[in-house]
Structure formats: C-alpha cells, structure tokens
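First chain written, first letter: the chains are A, B, C and D, and each begins at residue 1.
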Amino acid sequence: MAMIGGGPGAFIGPVHRIAAELDREIELVAGVFSSDPDRSRAGGEAYGLDPARAYGNLADMLAAERARADGAQFVAVVTPNHDHLPSARAALAAGFPVISDKPMTATLEEARALAAAVAEAGLPYALTYTYSGYPLVREARARIADGALGTVRKVVVEYPQGWLAGPATGKQAEWRVDPARAGAGGCIGDIGVHAFQLAEFVTGLRVTELLADLGAVVPGRHLDDDCTVLLRFENGARGVLLASQIEVGELNGLRIRVYGEKGGLVWKQETPNTLTLLRPDGGCEVIRAGTGLLGPDAARRSRTPGGHPEGYLEAFANLYRDFADVLRGQAAPLLPGADEGLRSMAFIDTAVRASAARAGWTPLTL
Amino acid sequence: MAMIGGGPGAFIGPVHRIAAELDREIELVAGVFSSDPDRSRAGGEAYGLDPARAYGNLADMLAAERARADGAQFVAVVTPNHDHLPSARAALAAGFPVISDKPMTATLEEARALAAAVAEAGLPYALTYTYSGYPLVREARARIADGALGTVRKVVVEYPQGWLAGPATGKQAEWRVDPARAGAGGCIGDIGVHAFQLAEFVTGLRVTELLADLGAVVPGRHLDDDCTVLLRFENGARGVLLASQIEVGELNGLRIRVYGEKGGLVWKQETPNTLTLLRPDGGCEVIRAGTGLLGPDAARRSRTPGGHPEGYLEAFANLYRDFADVLRGQAAPLLPGADEGLRSMAFIDTAVRASAARAGWTPLTL
Amino acid sequence: MAMIGGGPGAFIGPVHRIAAELDREIELVAGVFSSDPDRSRAGGEAYGLDPARAYGNLADMLAAERARADGAQFVAVVTPNHDHLPSARAALAAGFPVISDKPMTATLEEARALAAAVAEAGLPYALTYTYSGYPLVREARARIADGALGTVRKVVVEYPQGWLAGPATGKQAEWRVDPARAGAGGCIGDIGVHAFQLAEFVTGLRVTELLADLGAVVPGRHLDDDCTVLLRFENGARGVLLASQIEVGELNGLRIRVYGEKGGLVWKQETPNTLTLLRPDGGCEVIRAGTGLLGPDAARRSRTPGGHPEGYLEAFANLYRDFADVLRGQAAPLLPGADEGLRSMAFIDTAVRASAARAGWTPLTL
Amino acid sequence: MAMIGGGPGAFIGPVHRIAAELDREIELVAGVFSSDPDRSRAGGEAYGLDPARAYGNLADMLAAERARADGAQFVAVVTPNHDHLPSARAALAAGFPVISDKPMTATLEEARALAAAVAEAGLPYALTYTYSGYPLVREARARIADGALGTVRKVVVEYPQGWLAGPATGKQAEWRVDPARAGAGGCIGDIGVHAFQLAEFVTGLRVTELLADLGAVVPGRHLDDDCTVLLRFENGARGVLLASQIEVGELNGLRIRVYGEKGGLVWKQETPNTLTLLRPDGGCEVIRAGTGLLGPDAARRSRTPGGHPEGYLEAFANLYRDFADVLRGQAAPLLPGADEGLRSMAFIDTAVRASAARAGWTPLTL
C-alpha cells in the first residue's frame, strides 16, 4: 500500500496505517505524506519506511512504485477532501486500485467525474466509511435483510459531536470550517454523510427525498455546524438524520435506530459491541459481539471472543480486509465503493442546496 | 377533590387518585366517573367512595358538592380530550378550581375559550403535564436558569412509543386514533405535546416557529402516529422534536437533551432519577435524585433519600402538591396552567396545519 | 392502621404511611409517634390525624383503639430495632395484627420470643422487607421457581452504600452505629439482612451455612460497617453477600445476580423496572415492568403501564397490599412473616458471632 | 519478535501478533508455533512468515535467530502454562529478552525458578497482564496514586465468565480444566489471577493475607471453576475478589471498584473507555478515553480521539509498546514483570492451598 496524505499532525493517516496492517494482509511501503517534500520525508520516517519511498509528489510516487518489482499494489488517499479527486484519478490512471477516505470528493460534480474515472479504469475503488465496518452494524444489516423487522417504517440516525462548539482551532478543526478546503458542507459533509451512509447501509434502502435545515450556530462560522435532515426512503419509510458539532460534551455519539412492522433495533458507536433488538411485546434482546449469535457477515470480521471489546480501529481494519479480498478477486459486497460515494456526495449537495433555498422536500439527485 | 372521568377501565383516573392522595394533602371524595350512571357508581365503589357521592352527571355533582359543608374543594378533569372544555368550564362556573389532564382541550379554539373562562373565573387552573413534576426535570430547569449551560443553542426532545404500531385495539388505543374524540392531532396531541411542554419548561424558552412533518404510518389510520417537528426558540436556539407511537418496542421513552455554549444536559424519563451534565472537556457528571446536589425546587419535591427510586406516580403527585399549595394561597410557579395549556394547543394546531399544508417554517400562533 | 414510631424526623414513618395508603385499602388513623407525648402529638398533627388519636404511650393506644367502633384494625411497628419486640408483643396480646419494619427484633433471642408470641396469638404478622415488594423481584422469583435457570448454582447479592463512610451524624446515622439501639449488628443488621432476605426470596432456597468477615472500617466505630459473607444454600449452591456502608458515593445499590445450569438473571434496585435474563449463548434479554412479559405475581402488583417507572414507595406499598389481602383472609405467600424474620435474625446473629470468632464456615442456627 | 506457541487453533497467538505489530515498533519474524513441526510450519504460513523461520523446536529457533543479522530481538512465550518456564528459561539463557503470556508459570516453585533465571540473565522480562494496558486502568491507578480517593479502604474486583458452565469442550476449554496442563488452579489461575493483578496494579497496594473458597461446581471437574477470595492489603484495606467461569451468560465481565476515605472509582472491562469517579456527595463523574481529562500515563497509550472506542487489542498492544520502550532502554514502570509474576503465582498457590485446607486467613507467601 502507498499512502497519499496522512503526514505529521494528521489523525487519520496513522489510523489508515494501523487498520490496513492489522490483519497482516497489507503493508504500508510508500507514500506522499505531504505536498511539502521535507514533511513527506518526515512522515515516511515516522511510519518507519524506506526513505527512498517517501516521495515529494504523487507523480513521482506512481511512476517509481510502478517500476519496482515490489512496488505498492494500491493507493490509499487520506488527504483533505478537495484533493480526493485529483489524487484518486491520477492513481487510477496509473493503474493503481484506490481506497479513499470519505467523502468521495469535495463536490458532487467532482464525484461524478471520479465515478466516471473509476468506471473507465475498471479498477477497484473503495471508500472508508468506517462505521459500516463494525461487526454489529453488519449484523444489523443482515437481520433487517433477513426480515427480522418486517418492512422498515422509520429510521432515526444521529451523530452528535461537541468539539466545534467553540472557535475552531488546531489542524483538525481549521480545514473543516473552511469552505475552500472542506467543500460546501461543514458538519453535513464531515459527519452527516457518515450518518446518511450508515442509514442506507443498515436498512438496505435508498433515500429518495430529503428536507434539510442546516445551521451555522457558532458566530462567524461560514459552514454548517448543526444539521437536521428529514428523509424519505424508497419504500416510503420515514427518516430523521441529526448531526451536530456544537452539542457540547458529546464525543462521537453516532447511533441508529430502525423500526419495522415487527421489531426495532438500536446500535450505538460508542458502545459498539452490542446490538439491541426491540420486540413488540416490550422485551428487548441484547446481542453481543464475539458470540455465536452473530451471522456470517459479522462473525468473519471479528477477531476476539465475546466480552473482549473491539473498537474503531478494528472496524476500520475490516474495510481493509474487504479491500484485500477484492484485490484477490473475491467479492466484498459490504465494502462501500463509487456508487455509495456518489450517493453520499449527492446527499451533501442536495442537503446544502435545499437548506440554503429553504426548499422543503427535495429529491436526492445523483 | 372531585373527579370527572376516570371510571372502570381508565388508566389515568386511578393515577390521578393516587397522585392526589400520596402526600395526604388531598382526598378524593366525589366524582362523575362515567357519563353512564351505573358505570359512575361502579367507579365510585372501586375508589371506595360514599355511594351518594358517585354522581350520574356533572351538574348534579357540582350542585351537591357545593351544598355540602364537607364538599369537594376542587375538581379534577380526567375525561377524553373533547370533554375537557365543557367539564372545566362548568366546574369553574360553579366556583370550583380545576386541575385537568392534558391537553387543555381538543382544539385551539376551545383552548382560547377555556383560557378566557379561567381568566373570568379568577380561580386556580392547572394542567397535569406529568413530566414537569419529576424532581430532576426541575433540577434541569433550575440549572439552565442559573446559567450552567450558558446561552441555550440546541434542544433535542424525543418521545418514542411503540404501542400503536399495530391496529389500535382496546379502550386506551381506540379513542386516540379517532379524530372525533382525540381532536385533530393523534400522536402530536397525545405525546408530542408533552415533549413540547417539557422543552419549554426545561429551557425556560418559548418556541416561536416550527416546521412539522406528521405522518400516519399504520395503514388506514386517520391521525398522525409519527411526528417530526423542527423548532426555533425565541433566542434563536434550534430544536428538534420527535414523537412516535409506531416505534416498535419503545415503551415511554421521553427524553431531552439541551446544549448551550458552556455545557449540555440529558434527562430520560425511563431512568428519571439521574440527570447527566455534559462538559466541554468531555467529562460528564451524573446528578442523582435524593442527594444534596439538588437545588430547592427538586429537593422539596423528593420523598426518599438517594438511591430509593421515585417514579411516575411521585412526579404526578408533585403537581398535586403544587396545586395544594396554590389552593392554600402559596405560589407554585412550576405548575403548568392556562398559559402553558394554550401554548400547547397552539403547538398542536400549528403543527397539524403546517404539516397538512407542507407549509415549511410556520410561526406558532396562540 | 395505627403506627408505633415514625414521628418527627423519622424517614421510615412517612414511607410506611404513604405505602399503606397508596392503594386506598388502608388508612392511617392513630399512632404513638414518639415515647414523648408532645412529640407524639406533633407527629399526629404532621400526618393530619385526629389529635385524640395521637397517643402518648402504646398501652393507651391499644386500649382506646380496641374500644372504638372505628378503631384501628392493625398496628405498624416502625420504631428502632430494640423496641420491635415489646411493641409487637403488646399489640398482638391486645389482639391486633402486626406489620413491622425489619429486622424482626434486636436479637435472635428476642426474635424467638416474638415468633412464639405470633404463633400463640394466631394473628397475622408481617415484615416490610421492602425489596421483595418490587414486581421484577417477584418476577425473578417466579422464573427461578418455574425452572428458567435450571438448578441454581451461584448467587451474588450486594448492597453497597456510602453514607456512613464518615462520622455518623444525624438521627438516621446515630442509632445505627450504637450497639445499645441497633443490636449486635451494624451494617449486617441494617442492610446485610435485606440482601440475605432477597437472596432467599428470589432463589426460594435456604441458606444453611455461612462464613462471615465483618469489619468496622471507620475509626472508632463499634459496629460493623463493611461485611463480606460467603453462603451455602440447601442445594449446595454457592453464594456471596457483600454489604457495606463505607463505599463512598454508593447510594442504595442493592443488586442480585443468580446463575443456574441453564441461565442467569440480574436485578438492580436503583433501576428496578428491568430484569435481565442471561443465556448460555451469550445473548441477554431485558424484561421491562408493566409489559405483558410479566407473570401474575409481578403483574398484579404493578400500577402503571410499561415505561412509566414505579419505585421504592410502590414496592413498599405492595407489601401493604399483601397485608390487606391477609387481613381479608386471602393468602399472600410472598409477604415475609415470622419465619423469614426469624431466619433473618439468625443470619445476623450467626454472622456476628462467626465473624467475631473467626470461626470459618458456621451453620445458620435458628 | 519470535513467538513460541500460538499455532493453528490458538486464540492468544494471533492476539499477541496483532498487539505486537499494532504500533509498527515490532514485527513477528520467526516462531515455533507448535511442538509438531508440520503444525509449526502451518502456523508460520498463517502468519505469512518466511517458511525457513517457522521452526520445529525451540533450540533450533534460538540458535538460528541468534545467528542471523536480522534475527529476532526477543521472544514471546504464548504456550500453555506448563511450558512457560522451560521456554522462557531457554530463551533467556540464549540471550533473548522475554515477554510471556500470564500466568508466569504453572506453579509457584517454577515461578521462583524463573524469577531467578530472569535475575541471573539480567534481561528484560514482561508478562502480558492485558488489563493493565487499558488507558483508563492506568488513569485509575494514577488518580489513586495522586490521592484522589484518600486512603484506600475497600476493593471489590470481579471476573465473571460463563463459558465453562457446561462440559469443557474445544481446544481452549480442555487444557484449562486439566490439572496436568493448567497447574493446580483452574479458574483462579486462568482469570482470578488477572483480577488479583488488577487490584494490586490499580491500588498500588500489596495483598498480604487472603481467605479463599474455591469450588468445582460443574460435576466431575477436577479444578476450581468458581472462586471467592477475601483479601487484606498492606494498609489494612479490605478486599473481595470474585472469579467464576460458571456464571452462565457472562462473557468477560472483569470489573473493579475501589473506595477510599474521600471517593470511589469503578472500571469495567466490557465498556473500557469510561472510568467513573464516585463522590461523597452522591454525585459521580464519568471520565472518557481520548479526552483531555486523562493524565500522561493514559494519554500516551491512547491512539484515537474521544468517542472512538479502543478495546482489548489496543490494551494488549500497550504492553508491547511498553516492552519496546524497555528494549530501547527506557523505563516502563507500568509493565508487569517478574515481581508481579511471582506475586501472582503466590496468589494462586496460596489460594489453592488455603481453600483446600479450609485454612481461613492465610498470609500470601512468595
């Protein structure tokens, strides 16, 4: 694996590195860790790489790695959003499969261009929507697909955070509130889109219409930091998506509740190793990770026995295992790809536009 | 106390009786427990009353109780919504203070008429918005009033239930889905209004605008059973109100989260004896009922020491203690009255109208 | 009902009053609320009684109430432990059924005397082991009796409190740490005995042997404030009983876990409306109060629908409902009586003696 | 790193591999994965090793790796308990630092021999008491060391599991119930010892005396499967240690509560990212992982921001990071070594002997 981005100070670069290597199927061997060659070299050193393989720019890396017998076999894109398109396109053009941090690109238009590039290249392309890697999220999806809830009627997905409730300071915060680097969406593009992808992933249903009310609560902020989006799914089910980065004291509280005719279920990211099933009789059943209660999708992406918690890094690693399967020619139907990426970008784009126009219910247009 | 309604098969009548008598300040002595005289008598017997004081109609009761030296000193109205206005108006006209089950009336127009009747009578009138009787709800209100959260920016109030996810059968369910008896609102009037009142009560802020999306999810249902309402408060704070009666497996999951500039708080009705305070540093503090951490509003409405749970009946009883205070001429500023009743009816009315018209943001009009 | 004890400053007196009257089957009409006549009168006034029926001593009350046509039909004993025997014996001798606060008496010897007096009188006698009044405790007992867990193998019952971690000040604390008023046991007699009774009640099994290690942790304390007791049940099951009043920050954390060959269950007093069933496959099921999942013992002692929490006062009231049933001549097999009282006193006595002697495993002797 | 044990079917081998490599400071390069050469080769293949470095026996590996310029720099021992001594001793004798799965050895006598070998070799030796690697366990230790609780008075540490409640079948279960392979302790040596180590680690206090009651509950079992051990710490604090493998439905419920004069704390392994602090006023504060509330010991062993759960593998990896620090010549005072190993073996040995003899309080003898 070669990495683009993820140099000194980045949060997500080391996470990709750990996730990719966790199961010993993938090894980070090269990278352009910064657009500044010195910083890129420093990044390579921090990862313990051969200094010759910490490149100063992408073109050099793609050429050099292609030329090596032991060259990288795919590229991971972990740059800020506005760079996702050029980096991924260049890598695909050079013949490298790509796994990219979400969202797919900075704009819907770019996403369309990248989807076309993926189709043209005919190479694997995946997006690390981390939360779809949690075993119990996959279990939830499988149970809904198996009809455990009957027809889905209602979805409530929430993603509360509080870390941008004050002035946005520090590397992680600054680019997220800057329209030039983050794209047209703030909170909606940073975390709202995770909630959207999770809702479609778990229910297996597509959102067809939405009503968005995005707010910029912190004085002086140019991008949304608090989002309410009402959803309609293809089968008529009603949905509510809440995402916020100004809910003081919330850390990373992503959670989803799905209700059908015959039952409901609840999953919460901060206690990810349980899945609660709600029954019409008022009883509820708690399914725990690592037990024999899990179906095959969840079981094959678990590493520890019940009661030994797995977390965020393991969920992330599951996406890389899926990607390794794809590279080996196996199917990985649960791994988000260009379709999910395009849908996600359409969600951000539609929500931003519809909210700005106070447009009421608006179709989700790809 | 004399009761109107609450006869055989009713849930809420016995609850009012227990709540009223819990602290030995009030005693149920008379009632019209049903519009059917035989059923009324049966009701009186079930409560252990003097048979002579289980009346066949309201006029008889008001006249007889007024005439007795030991007659009832106030009337509790616990009939279905459409009867709230005539019963309360008659009682007030006969000189009896009134405490009424919520909502105030079946329609906003009726509520205006009742508010006028209350003003004209100059007698105490209160509404049993039960959840505002919980000590830790009062603590939440006091802490926000004291500035613990700074300016309130965001409110999320949810009221999930699942018991009407199937066909509505049984006495409790039937009138709730019948527009003739329940009024124009289904879920919004039955439980959404509790969530509305709780949000205003806890924050001390008034809702000025709303955007409502009410749905009738169960096939054949004429009234809403699943509600999403976006709120704006007078200070610009953003709010989300979710209420549903089709979320299978949910019992009575009312809960509220409030976030300000400096902190947040969370209260959940099903575990009502704790209040969680969220801090900007990611820590959270749990305040438990019955401890010295409570301020005076909460402390004086607690009966047991910490760790001895109080519940729904005790919260209900707190409203009756407030009402007893009022009858004694003391202030009870936390007890919901005609103003809150009128605001609540305006909420239901505005939400129903705005949703039917797909009207987008709509001012809350009294 | 006539009350002995429970005057000004008492915690448990008002609790008995509320509990007795909650379901309108019983009314407090008389009492000796203090051994000081003025204080007794003040107590009667606080309860709103006829001043003539707030007596200055027990003999007067028993005589006077017996003489009245509308006299009290039974006596509730809520005095400190050392007074339980004389009060209960006098009431029984005067022909009054007795319901008494736990423990039965101050010493095992006294308990034997009282058990004999109960037998001789042939009158109802009950003990308010409150926690056995919780509906879900009764549900737990019923499920174990029905074989849901198979043979019981292991019981862990804990009762952590922290309020005596510092110097014992205040009316509630002082008598509890005074051997003259509390008896030979401190924590073991105050709360350990609740845990013991709960363990026997829920499992339906009797303790035959114990190993006790009682400590007086706070410097200068003469009675135990921290207790560890190992148990053996009649079927060979192993048990652990932990009770403490020096676990700082714990309020009233009574809880019990029972494991059998086929399953386990968990109940916690501070969240009393759920019962968790553990399965061999690692799944767990949560039973909630007020739902159709409850068997008849729990269902008939519930007042509110699911999701409307009941608490300590309602559990207490369930014992009075049982007692009212007994007075009416009905059976109330779940109501603790003289047998349970004697067993509890034997538990305290055996634990105190065995611990003092470092005696190792010791038979529980009645 | 070279590994001894951990071949096909092993649970703990892959865990060590992931943990060691998680932070890219260590790489698995060689191993004897089984005493059967073919199985060892299969193990090496599963880990993706150079086939030449999957050795058929330990002597060969030590010799070969020592001879290579790029040879392993230390050895990880993950064999069943009875092999810990010979493997570790051989590795140390060959000049390799050793990190070993717990417990140190199968018997106390062996542990003394190994401690002597460690001292003689003058090489790093560490034990993977995993739970001491959790950041919030380290936070708990730091806060107690800083005096947040005042003098520690009481410790309750519990380790409930249920997976051996039935007949022990499968590779993981069989050796654990076989005295020949597991040593004299069953549950006490497998998990009780984790609880012991956690209690000493968190409090910073040494156990001086214990009273043990070990039971073999499942019919036909030769080793204990349910353990109660009372503890006394060096400062007089009282302790209770419960460990069981027959508590049906429990997965890996290790948890610890510590109470001092001024406060208490609670940590639970199955939700490892929070630490609850209990206060004398009845309030409690929840500290969450990844926030600025953590002191340096916890913060430097965290990889993700607050709300992104870390789990068992990350805790395990923290021990390997400590070990890597030691190999670099830095101090790692929190890493368990030969002293802790010897104390742990003394705990097992004393508990087994004292229980068998029904000996009452018994000093912990090294």
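Definition applied: contacts are C-beta pairs under 8 Å (C-beta built on N, C-alpha and C of every residue); 3 or more make two chains touch, one makes a residue touch a chain.
Bear in mind the structure is a predicted one, so any value in this text is a computation, not a measurement.
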item: Per Cα centroids, the chain farthest from subunit C; value: A
item: Between the pairs A-D and B-D, the one where more C-beta pairs touch; value: A-D
item: Length of the line joining the C-alpha centres of subunit A and subunit D, rounded to whole Å; value: 35
item: Whole-Å separation of chain centres (CA-atom averages), subunit C against subunit D; value: 42
item: Separation of mean Cα positions, subunit D and subunit B [Å, integer]; value: 55
item: For subunit A, residues contacting two or more additional chains; value: 250-251, 282-284, 288, 290-291, 306
item: Residues of subunit D that touch subunit A when the two form their complex; value: 11, 14-15, 17-18, 21-24, 47-48, 161, 250-253, 269-273, 288, 290-291, 303-314
item: For the subunit C and subunit A complex, residues of the former touching the latter; value: 281-288, 290-293, 306
item: Touching residues on subunit B, where the partner in the complex is subunit A; value: 149, 153-154, 156, 162, 165-166, 211, 213, 215, 217, 226, 228, 230, 238, 240, 242, 244, 246-251, 257, 259-264, 277-280, 282-284, 358, 360-361
